[in-house]
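So, here's a batch of structures to check.
Two complexes are shown next, each including chain A; its partner changes from chain B in the first to chain C in the second.
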Partner chain A sequence: MNLFQPEPRGAHTPRPTLRSDEPQGEVEKGSMALLEVENLSVTYAPRDAPVTRAVQDVSFRIREGEFVGLLGESGCGKSTLGNGILRLLSPPARISGGRVVLDGVDLTGADEERLRGLRWTNLSTVFQSSMNSLNPVLRIEAQFAETFAAHRVGEEVGARVVELLRMVSLDPGVLRAYPHELSGGMRQRVALALALALRPRLVLLDEPTTGLDVVVQRNILDRLATLRHELGFAVLFISHDLGTVLEMADRVMVMYAGEIVEDRPAPDLVREAQHPYTRGLLGSYADPRSAEVRVSYIPGRPPDLSVEQPGCRFTPRCPYAEDACGQRRPELRPDDGGLVRCLVAQDGRLPRTPAGAGPGLPVFVGFPAAAGLDRSADPPPEQAVGDPVLLVDDVTKRYTTRRGLRTTSVDAVRGVSLALRPGRVTALVGQSGSGKTTIARLVTGVERPTSGQVRFTAADSTTEVRVDRLRGRALRDYRRHVQMIFQDPFSALNPTRTVGYALSRPLVNYHGLRGPAVRERAAELLESVGLAPAGQFLDKLPHQLSGGQRQRVVTARALAPEPEILIADEPVSMLDVSIRAEILELLGKLVRTRRLAMLYITHDLLSARLLADEVLVLNHGDLVEQGPTLEVVGAARDDYTRLLLDSIPNPFSAARRPG
Partner chain B sequence: MSTPVPAVRAPGADTEAVQVATRVLGRGTRLPGWFVILWRNGKCRLGLLMLAGFVLVAIFAPVIGRYDPRDDDFDTSAGPSAAHWLGTTALGEDVFAQLVFGARTSLVVGIAAGLLCTVIGLVVGLTAGYLGGWLDEVLSFFINLGLVVPALPLMVTLAAYSPVRGLTLIILVISVTGWAYGARIKRSQIITLRTRDYITAARFAGDRTARIIAHEIVPNMTSLIVVGFMGAALGAIGGEAGLAFLGLGDPQTVSWGTMLNQASLGGALLSGQWAWLIAPGAALALLITSFTLINFGIDALSNPHLRED
Partner chain C sequence: MLYFVRRFAFFVATLWAAVTLNFLIPRLQPGDPAEAIVSRLAGRNEAIDPAQVRAVRIMLGAPDGSLLEQYVQYLGAVARGDFGVSYSYFPYSVTHMIGQTLLWTVILVGVTQVISFVVGTLLGTWAAYRRNSRVDSIITLGSTFLGTLPFFWLALLLIYVFAITLRWFPERGGYGGGSTPGWSWLFVSDAIQHSVLPATALLITGPIGWIIGMRNNMVQSLGEDHARLALARGLPRRRIALTYGARLAILPNVTGFAIALGGILGGTVLVESVFNYPGMGRLLLEAVSNRDFPLMQAIFLFTTIGVLVANFLADVLYGVLDPRVRRAEST
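== the complex of A and B ==
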């Protein structure tokens, strides 16, 4: 028996009889609003900071079975809105106005008891962090049992759980596992299965695949699309990644500075976005396989919502802004087929975008070709290629783990050779677990290879350094030449230390600078990564900076010792899509102007295409493909490379859209 | 129910966030940020005020107590009177003076043993957690040993068999039995912090291990250290009172524990000297209450969701 075939509701589960609250009448089921949000506002009123109005006067509806995307940069209020709908806000946040009505029940007025009954049965959720919030001391089995028990579903739990796991493509074997024994993608799928366990009618997904690998992400999204067709639940899908949102959703709402600025069916949005902000977001996408790849970004960041701002909030970043925009606040008004909040668009004066060409709207800052990010088909001039500074020669790294009496060994990397040259970017592409990080550890001397050599030759010398033999003092000296840019800008800076302190350490240790000279040089470094005026940043703590600014600080710190080699391990994967391009542009510029050799580690082929001269594809420790970027990306020969390419969400390919 | 929804944080799990909050709060005032957070919590404020009261009493004991607590020139076993507010002991000492001086002993033991426990816990926890390897295994063995051996019987045994009696001994005995809990928490915290990218970054910036521990790790643990100190001090105060009540205390020192011991030996119950019997117990209970109240604020310190802001 398939439990999830549409059958009369309540046949198996004693469901709270909410349906009786529904308005009477001959309303067709498909067009009925399942969720109604009316003028919802949420404010954060912390004691030590000014009041922030994170969500302002938001209204929308979600129909039964509809898949709605909510898009916007981080800090625009998406998660606050989601938590407001779920009534999961905790102080200092509170709902300061409006209503949320789910299936006729006013959630804003409901008490905790009522909400508990509704959560999971009618409304459930998966967060980005859900995979980390499974109870660590309970087996997966017990977590399901608890969820069912809490809602008094007694019978047939076993069969039902297996069915749920099958739905998210997990083996029933995971039931015996503890959460930490599963990978991030598996845990996220468990979280999804739990969210669907009681067959909710609305599922709220908040960045459910952010931070996961492209292939895993693709897998989860495909499952989600199929399940939704089978089970017919409605989805509110929150993400900053417009690739996934546009690909999945029927209708997309774009949120900026706490307000909905555009609301439109997904295909229309891809074809002709009406709000300048949406157009800006779309510009950060491109197909890495095309001969010419051009991406753009919106300069600046969303405004500080604790400051009252007259007129349109997007004015400072908007290339279409007019005088009126600064004074008059646009309303969210219907236009053909959707809603838009822009004075110029409402007057029909917004220039049309060329049909079919989504990406690379020239009105936003585009990458100048010189910066190396507007890649055309011509290969770079050969004379620019210098001698390698680092050679990895037939390296194998075997990890042996002892667990009780059994020893198991894994080859994290097998027989890999590569060369890093000044002024060139070498991309190392592969899924997580493919051995990318291991290679970075071998290059930096953190690990030694089991066999093979790693050799370094400084630009101003001819003597070779055997990196695989360094220890102690010599290793410390070598590190001056090899620096790292980390994946997570939130963990790469000590939260209790100022930017100035972070930058001062390499200057003191490697250049022997003292006193005011340190501060002076630190300021220069900040300006070189585009943080100006530097004086304003030196005394800031990391949490006062945005993700992009932090990544710039991390880059400045890596540049401080004046290294020859820069290792960047997924430097943009944790950043908003809209600022990725900005950081990639900075890295590209630094490599070329300072003649750095860069090893760029990523699972994202679009960024590799934009930044790298050469691409190496790694699969389970083996190098499966290697060559100039355009060749590898444009005409992938290896199946695995093709899988990686196919996994990239692509809003512009109509072929993938289900239905 | 196991909802993947709101994850409840383990206390002390988010020490970095706490540290950031405390640094931010500390910037505006000259007070340390952790104190600002504590002060804002109503219960904690009451506890801090009570504790301040005890500290003042301890400092000004000679003025407040009026008599020397060891002066036995008075009537023996007298009930409360204008001259002796809580009466006199069987030896003819002033009970009120003893009560006031007893606050000194409790606080000195609390602070000294609390500090000692914290220092031992920090050194052991830092070494085991940061260096790892066989050293960690050895130290963890001792930490676990310290955790499973029941503290009170060990304290009693150590105190009973030691050839000398004195406050220093009491402090040492309490510290030896009480450091392990803090060490375990600090060790696991370091293991979390050690894997942060900023530690790797510091190594790439050329910093040495000692500097990394002192400048990158410890600043992210100060609230944990304060929490540990408060817990250890509370345990020490209770431990001292217990040992003294069992007659294993320092006979030269006036403390609430010795008072209770003398009161029961001196027949306070028979002579109906309720004040003598109740006062030291009540004082101890009040001091413990003040620590418990402060702990409410400390929970808020380690769990931002409980903070009253």
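== the complex of A and C ==
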């Protein structure tokens, strides 16, 4: 066994391995594995719910210095697997089988004190939300100090912390700050510096950049790539974001329903994914800059893991499924330099991915090619462009805060003009703090502009309504015409009320419907957003629906008052990648068939490219670029727009791949 | 720093509002207290003699002059601690009566509150540290059980067992008939003897709220990402429990504790009446039953001031303990 040394390692010297009991690897025969996960299973056994097998029989290895991506959607078990490796599972979750061996030491069997010594010196981690992963009442320096103290590192700590902060491009001044005084990006850098504090050999990153702005994400990812080359640590990078994982990782493992379904070097995976699920995921991604953008989605939802099911777990959603798939459970078998868990692929009967659909872009023909989203085949219907329903004219919104005698003012939005037209989608693109949401609030009448006008003209009338002057009753009447679709479908619905009730409120309030007519209309609305048969959904509570279904309900509720304007604030950013296109397609269809004017607020240029006719780019309250989507995204003139575009992780170009 | 100045300004403003309300409310009530007293003395059907009414007014020191003059007078009197004459303990002043009882209450309730908070917080922390263990079950179930017992029943049970049956402690009062109040050893030991039973009653139920609150808060903060990351960082379990659990979990309890301390001045009516303890609670009860308005008003003012001071201290303490609050207020 390797002798664990709690003392800090000065220079980064590879330690001699004294192991003799190392099992011979099947895949990486001979090469030394830093982390070995063998048949790991994790079950959740809550008292009042059936046992769920969140991670089942997972085996893989990570070599010294290797960068491995773990890709999967919400609920696939990737974070549970990560926590299992870190031994951070808490009841009702527990490791029900298998082992995790780090550098020859069995973590699953180690007692608490031994484990404590191993932690952070060999294996460190960065969680998704660094908002919550730092202690809010301790200064940053204290959190570094306690980390060193816990591992009895005494000497030259001060200099080392400054050096660590320099590595993540932070000023030593942040040491005196409390976590809430730092921005999200800065906190995540602190978390990364903290993770590298004891020079670990493996860093587990669990969605490290999710929730950050693209530009900030780009900085952190670049920093991470550089540091990894300088320091040589291995990485297990867990994420649902295909672009990021494929760009960063040497090798990618794809997880579905608690199992690893594919394991392959990243370039091979991009070129020729073997598992139908991986292909589906890849199909949901596209480069927004290419002339033709096509994405696909995977219908259906992941299986319920509390129910034992024979055969391949992807079968119900798989376009290539055969009879055998439903009965025989496929093994994870080597194939063409990788591993795949698919009977059809293992027999070599999976069609090759058709080439020529896009520059290196695999198009998954088996899934409905989102026809409505194929914008290239959609010539701008000039004759269809009607008069604007809403005009935002040279609007400025200034927020003034007064403290004592001093006043400070911030222009959230400066001199912005835009027009919303029936049947057209206008996208507002920008980072957080760019003023996107302020514009939405001005359009809904929640806020009034400091200067400028917001004017609304209903389709069936010629009178213009000055939204910026509405009050009371008139404002309430106006809101009927403007409805919102929110970012988080989980909190946008009252968890204690049924779907039918949620839909009935606007019908009762705005249309004065009563009795059975309400339910009838609610059912129609559900069918119009693709939740059919509606009777099956009306009496459900929000928690019984998937994220995508909830977002459909939220959409149906927004349609209930028959509005002329829909404001969609990041409607897909919290949904799984594989179903985003599905929701976008629905929104696009609704806009065009119902002649709605949509303001689509997003930081995601790909979805803007897919959905919007026109794009407006906002930077710190200023409109920096505006024009037809293809022009803005395809040939950006403004530096900031180009920065946004360049920041998008691009798995299909090898240009950025370090090394 | 700005945070603390702000809190202090807020404190002064609320204090002023409370004092002013205390001045205004009785004056907004219909009827003349002097007439009411005379008619009560004279019986319902007899005519009221204006001379008697005037006499009562003079005796009680009823105010005269415009409302503004009265207000200025009142503020001056409050500042001097002059609350007028007590109706029910005539000719003693309200200040004298409160002076007689305040110390009893502050010592009995104050000491038990502090002990309850300390014990409750420690037990709650222990339960959360060993959550889902036997220790946790005993502490949580035990305190929930005790919490369901009616307080007066518990107090009467104590009196029955320890005062009447075992005769270990006196059953009522703050001190024995034979001793005279003063700082002599004899009197102090007598007073302590008398306070054991009411204090025990308060200590049995006092910590329960703090235990449950502390345990639940701490279990929650230990489930947060920062506690999990601390575990991943290999910090010792004890440090995680204290710095990542208890340190954060105690924050909401600090405010609750300060408000509880502020309430001390109002005494605990139930305990003091069951044990016939000479504290503010009993005084308030008597003031209410005798319609002793000056006394009631003074007690209410005292309680208000107590709560306000305690709240101010809680805000200050919170600012020291939680850096997030300081910042949220100053931006």
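Please note the rule applied: the second predicted complex is superposed on the first by the 602 of 659 C-alpha atoms of A that agree within 3 Å, B and C clash if a C-alpha of one lies under 4 Å from a C-alpha of the other, contacts with A are read in each partner's own complex, and residues count from 1 in each chain.
In this section, contacts are C-beta pairs under 8 Å (C-beta built on N, C-alpha and C of every residue); 3 or more make two chains touch, one makes a residue touch a chain.
Computed from a predicted structure; not experimentally measured.
Enquirer: Based on the superposed arrangement around chain A, label chain B with chain C as either clash or fit.
Expert: Result for chain B and chain C: clash.
Enquirer: Between chain B and chain C, pick out the one touching the greater number of residues of chain A.
Expert: With both complexes superposed on chain A, more residues of chain A are touched by B.
Enquirer: Let me test your reading of the model: by the given contact rule, A:His180 touches which partner, first (chain B), second (chain C), both or neither?
Expert: Only chain C is touched by A:His180; chain B is not.
Enquirer: If you stack the two complexes on chain A, which partner ends up touching A:Thr125: first (chain B), second (chain C), both, or neither?
Expert: both
Enquirer: According to the stated criteria, A:Arg476 is in contact with first (chain B), second (chain C), both, or neither; which is it?
Expert: The answer is first: A:Arg476 touches chain B but not chain C.
Enquirer: Quick check on the superposed pair: does A:Glu112 touch chain B, chain C, both, or neither? Answer first, second, both or neither.
Expert: second
Enquirer: Once the structures are superposed on A, label A:Arg497 by its partner contacts, choosing first (chain B), second (chain C), both or neither.
Expert: A:Arg497 sits against chain B, while chain C stays out of touch.
Enquirer: Among 22-30, 112-120, 166-174 or 184-192, which stretch of chain C shows C-alpha clashes with chain B in the combined arrangement?
Expert: Of the candidate stretches of chain C, chain B runs into 166-174.
Enquirer: Which parts of chain A are touched by chain B and by chain C alike?
Expert: On chain A, the residues that contact chain B in one structure and chain C in the other are 86, 88, 90-91, 119-120, 125, 127, 129, 132-135, 138, 146-147, 150, 191, 194.
Enquirer: Which stretch or stretches of chain C touch chain A in the complex?
Expert: 2, 132, 223-226, 228-237, 239, 243-244, 247-248, 321-324, 327, 330-331
Enquirer: Quick check on the complex: what are the chain A residues that touch chain B?
Expert: Touching chain B from chain A are residues 46-48, 86, 88, 90-92, 119-120, 125-127, 129-135, 138, 142-143, 146-147, 149-150, 191, 194-195, 444, 476, 479-480, 483-484, 486-488, 491-497, 502, 505-506, 509-510, 541, 543, 554, 557-558, 560-561.
Enquirer: For chain B, which residues are in contact with chain A within the complex?
Expert: Going through chain B, the ones touching chain A are 1-7, 16-17, 19-20, 23-25, 40, 196-198, 200-207, 215-216, 219-220, 305, 308-309.
Enquirer: Which residues, counting only chain A, touch chain C once they are in their complex?
Expert: It comes out as residues 86, 88, 90-91, 112, 116-121, 124-125, 127, 129, 132-138, 146-147, 150-151, 178, 180-181, 191, 194, 401, 403.
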